[in-house]
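Shared chain: chain A. Partners: chain B in the first complex, chain C in the second.
Coming up: the complex of A and B.
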């Protein structure tokens, strides 16, 4: 019997359907759990926080959601070793909740994905996220090959990693940057970073590796039909590049 | 050249302030009313009496249908109030000073710094104690990784 994955829906979440569908296509037993059913979260084995605008990004992106009752269960579950994946706004919530990079205590953020540089513009385009740690650093990435390059869509105004110098040092020393922006061929350089994110970071993990907060959306390149480099004759419903992260997550959950 | 502070507030219901108030009360912060404003600290060579009128021409930050604008008496937060700003990406602890407000030049105005003002009041309309303000900042209103608060 496969483990149960809860896809959390806050007021304002907008990527839950494709997130659930891709998790299911990757073999996960994923269900949507709306904020009004927060108490049911204790019965799930893993949590996925999709993108959107939870609580309309009021105060700061993810700030109100980090205090939503649903996050009580996510914080408790993460402490017990349950797998937690946050994408885009889900990633912002995980940082506001202190779960990633997890160098402080719960709900005491030590970093944020904040306004893009050099201008705080909405950036929506295909990017590539390259695994920047050994795959075994996180159970969520353990099924990926070293240096895996995943296509994903960045779609945010606030995706730039920022922290104080002291916290940035902890992020570096603790190998918390799980993915960095890269070119399609895996080359890492500043031109691949769409938003001046510190350390070129696209995703952070916590100390134990069971929490992953990734800003670009792998699920928006989850099937061939939305993969720009698909070839004529490809099965358009087949999983594409972005699906590999979800597959690896599902594998970790079911392990 | 004089330093002046301007506060722009919604005159329609402020849903964001209400959400923040609800969240703070759930976090046991002792506050009954919360006012949110966009605060601008500017250097101005113009006539103080006309500053409001000059800024009100900037439709990027002021909409007369939903905002009211006030030139404040002081250039620092009042009791029970904090001004929160984002730390610059380039480092340093001071807010970025720009020649424009919301991307637009205002005659006489320079070195414009933007803050979000949060004013916390108790049931009688008096400012909350400093401890309650600090608790609100620490628990919700200011992410110290990227923001700083003046109070």
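Coming up: the complex of A and C.
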């Protein structure tokens, strides 16, 4: 029997359906769990926090959601080694909950995804996230090839990694930057970074590697039909592109 | 007699007031006055347009539901033995957006989304045709409007998680005092599970349930405010008439309603569900009950309000956002209340938001409102909601400018870069990058990457849906009737250019003051034009909206702006025509009219010329569609663009730009009489022209593996053109 994945729906979440669908298409046993059913979260083996505007992004993106009752279960589960994946708003919540980079204690964030530069605007565009650590650094990336380049859509107002110099040093020294922005061919340079994110970071992981917080959405470029230009006669309904990360996550969950 | 100050706040005319008093046999109450003021406003009643709109074709094989409910529905296709429909609604939020642009535009999205939702549909996309004034001056109100409208659309649409799939934007001085913010929303519904905007048979005694935001004093007088000319002196009152958006609450409200739909499916129950728009609780409850042949008895004390002590007319007629009304048999009311209030915790999402029973449907033909134990409104319901009609004078407008005898010799080398940098032609990326066009993970062709946006809306199915909008104000300035025809043709061509079969239309008619002969005649002419084009192409309008009084106090009306959206269906989304030139040495074919008039073109504007709009040949149009279809079916069509603003050369440049963006450095050499003319048609890249019947097409050039466009001997570097085209709007939308 495969492990059960909960896709958390906070008030204001908006990407739950496609997140659940891609997890299922990648072989995961994923179910939506709404905030009024928070109690049932203890019974799941892994947690996925999808994109959106949980609790209206009040105060800061993810700040209120990090204190939602649902996060009690995620924090407890992460400490026990359950796999936790947060995408976009889900990633922001994981940072606010202190689970990524996880260099402090729970609900005492040491870094944030905050307002984009140079303009603090919502930006939607196709980007590429390149695996910046050894695949084995995190069970969630273990099935990816070294240096994997994953297409994904950035779609946020607050996606720029920021932290104090001291915390930034911990992030670098602990190899917490799991993905950086890159060009389609894998070249890493400033022009590939859509928001002036520190270290060009697109995703952070925690020390144990069981938590991954990624800003761009792999699930929005998750099937062949999402990228007709790159189609090679494959089944348009099949997972592809960003799905490799979800597949790797599902493998980690089922391992 | 009606109090003088109250009288002055009403848009009702004296003759209408007299009629109301006569029918009631007494002076109307304050609540009744406000109710009739809203319900009989142009905005709600379409009193000066409805009888003309009847001329539009509204039925056909692809029409599931035509105009009459909150949205129309078009047949998309079948999957797994189920028929699927696309729910289509189109509306304007022009007046509010001119006064309070961020909130005005955001509530425009919010309102149209509810129109789609209440048909039992999942909301799958929005599109927004925008018309702004001159934005060159960074400190101008026009610049502020143009920016804030885009921010408002983004803030709302992004938060509720609906992709922005199509749209357009034009800038013209005649929109200086009246911007146009049109919004299209699309939904997906199984045709067997449609929820209607009226109460079904046997619904006497059913509960009327109000759901959503607590009623507050915002948006009081919104319907009548949209039905008069904007007056700068009334700025404060106007601002109060604009509603306050809450996309966060809407996000939850949508998801909770999806849950209610699922519950109703299990019960196989037919019920009514309707959006609260103009006229608030009164307008919505009166329409949902009267269209089923019932009356209503509502206690305003049961309404969940944001502040105590609101007068009954504000509770009844105010247009607080994010509210809908259900009519349901009482036995399922508790479960519906539980879903909204407990499972989706509405009261915790926004102050005093909830679902609550406010009254019941009656068998009598009266509309009754109670407040603090008193009856504050008691009128015959059909009199309130029945169609009233203003027969206003109009003339046949024929406004063709004298024909231009000879096209001028055009210096392509100088003019082409200017056309690409023109505000109506240049890249829209700086604008729509602020919208989320990929949420839901169903996007196939994203906003702005092709002539139409394409979605694959049904998981597991190969069915695709395309949408495109059109409505060129330069055409509207010259000839309203032809502007209507050309809006249909352009929207249809755009959908066809991505390989979709056009299945239906929706329109929003944005015009000036119907009480001015010329402005009203433009409206009638445009409706005629829309009808002609739709009939010629075998398409129907399934929904639409009329926005009048888009006229400034100084008497300047917007250019005639019939704006059309076309919905297309793809049986297999894998066959979509993808953007950009594909390879060197393919043939470039021009399919379509050869009429080389320059009237209404960007070229004419740059040259300071006038001329008639290009003549329309429906025979040529149908034949072009046929050729395109067969080229797609035989697999020889590699890429395609509908020719519109900026002419064929702009279409070619876009094909080269899209190839460049996809990493293919390609160019082309073409030889063509006047490549800057905007005669409508398609520019197609064909792999093997021997595979199709090319009668009626014209070979204009060949693609090459050098990123250069050679036009009648003049060479343009694709990279340089791309930069010229990309830059202009970056200043407006950083």
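By definition in this document, the second predicted complex is superposed on the first by the 251 of 255 C-alpha atoms of A that agree within 3 Å, B and C clash if a C-alpha of one lies under 4 Å from a C-alpha of the other, contacts with A are read in each partner's own complex, and residues count from 1 in each chain.
Operating definition for what follows: a contact is a pair of C-beta atoms (placed from the backbone, for glycine too) under 8 Å apart; a residue touches a chain by one contact, two chains touch by 3 or more.
Not measured: the values here are computed from a predicted model.
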{"item": "Touching partner for A:201 - first (chain B), second (chain C), both, neither", "value": "neither"}
{"item": "Which of chain B and chain C A:125 touches, first, second, both or neither", "value": "second"}
{"item": "Partner chain(s) touched by A:17 [first = chain B, second = chain C, both, neither]", "value": "second"}
{"item": "Partner chain(s) touched by A:107 [first = chain B, second = chain C, both, neither]", "value": "first"}
{"item": "Partner chain(s) touched by A:34 [first = chain B, second = chain C, both, neither]", "value": "second"}
{"item": "Touch count on chain A, higher of chain B and chain C", "value": "C"}
{"item": "First, second, both or neither for A:217, with chain B first and chain C second", "value": "second"}
{"item": "Contacts of A:150 with chain B and chain C, given as first, second, both or neither", "value": "neither"}
{"item": "Chain B and chain C contact sites that coincide on chain A, given as residue numbers", "value": "56"}
{"item": "Footprint of chain C on chain A - complex, ascending", "value": "9, 11-15, 17-18, 21-22, 34-36, 51-53, 56, 119, 121-125, 153, 155, 184, 217, 219-223, 225-226, 228-229, 231, 236-237"}
{"item": "Residues of chain B defined as touching chain A within the complex", "value": "15-16, 19-20, 23, 26-27, 86-87, 89, 91, 139-141, 143-147"}
{"item": "Chain A to chain B touching residues, read off their complex", "value": "55-56, 58-60, 63-64, 67, 96, 107, 109-112, 114-115, 117, 160, 162-165, 167, 196"}
{"item": "Residue ranges of chain C touching chain A (in the complex, touch as defined)", "value": "154-155, 158-161, 247-248, 251-252, 255, 342-345, 348-349, 432-445, 456, 459-460, 462, 573-574, 576, 578-580, 662-663, 734"}
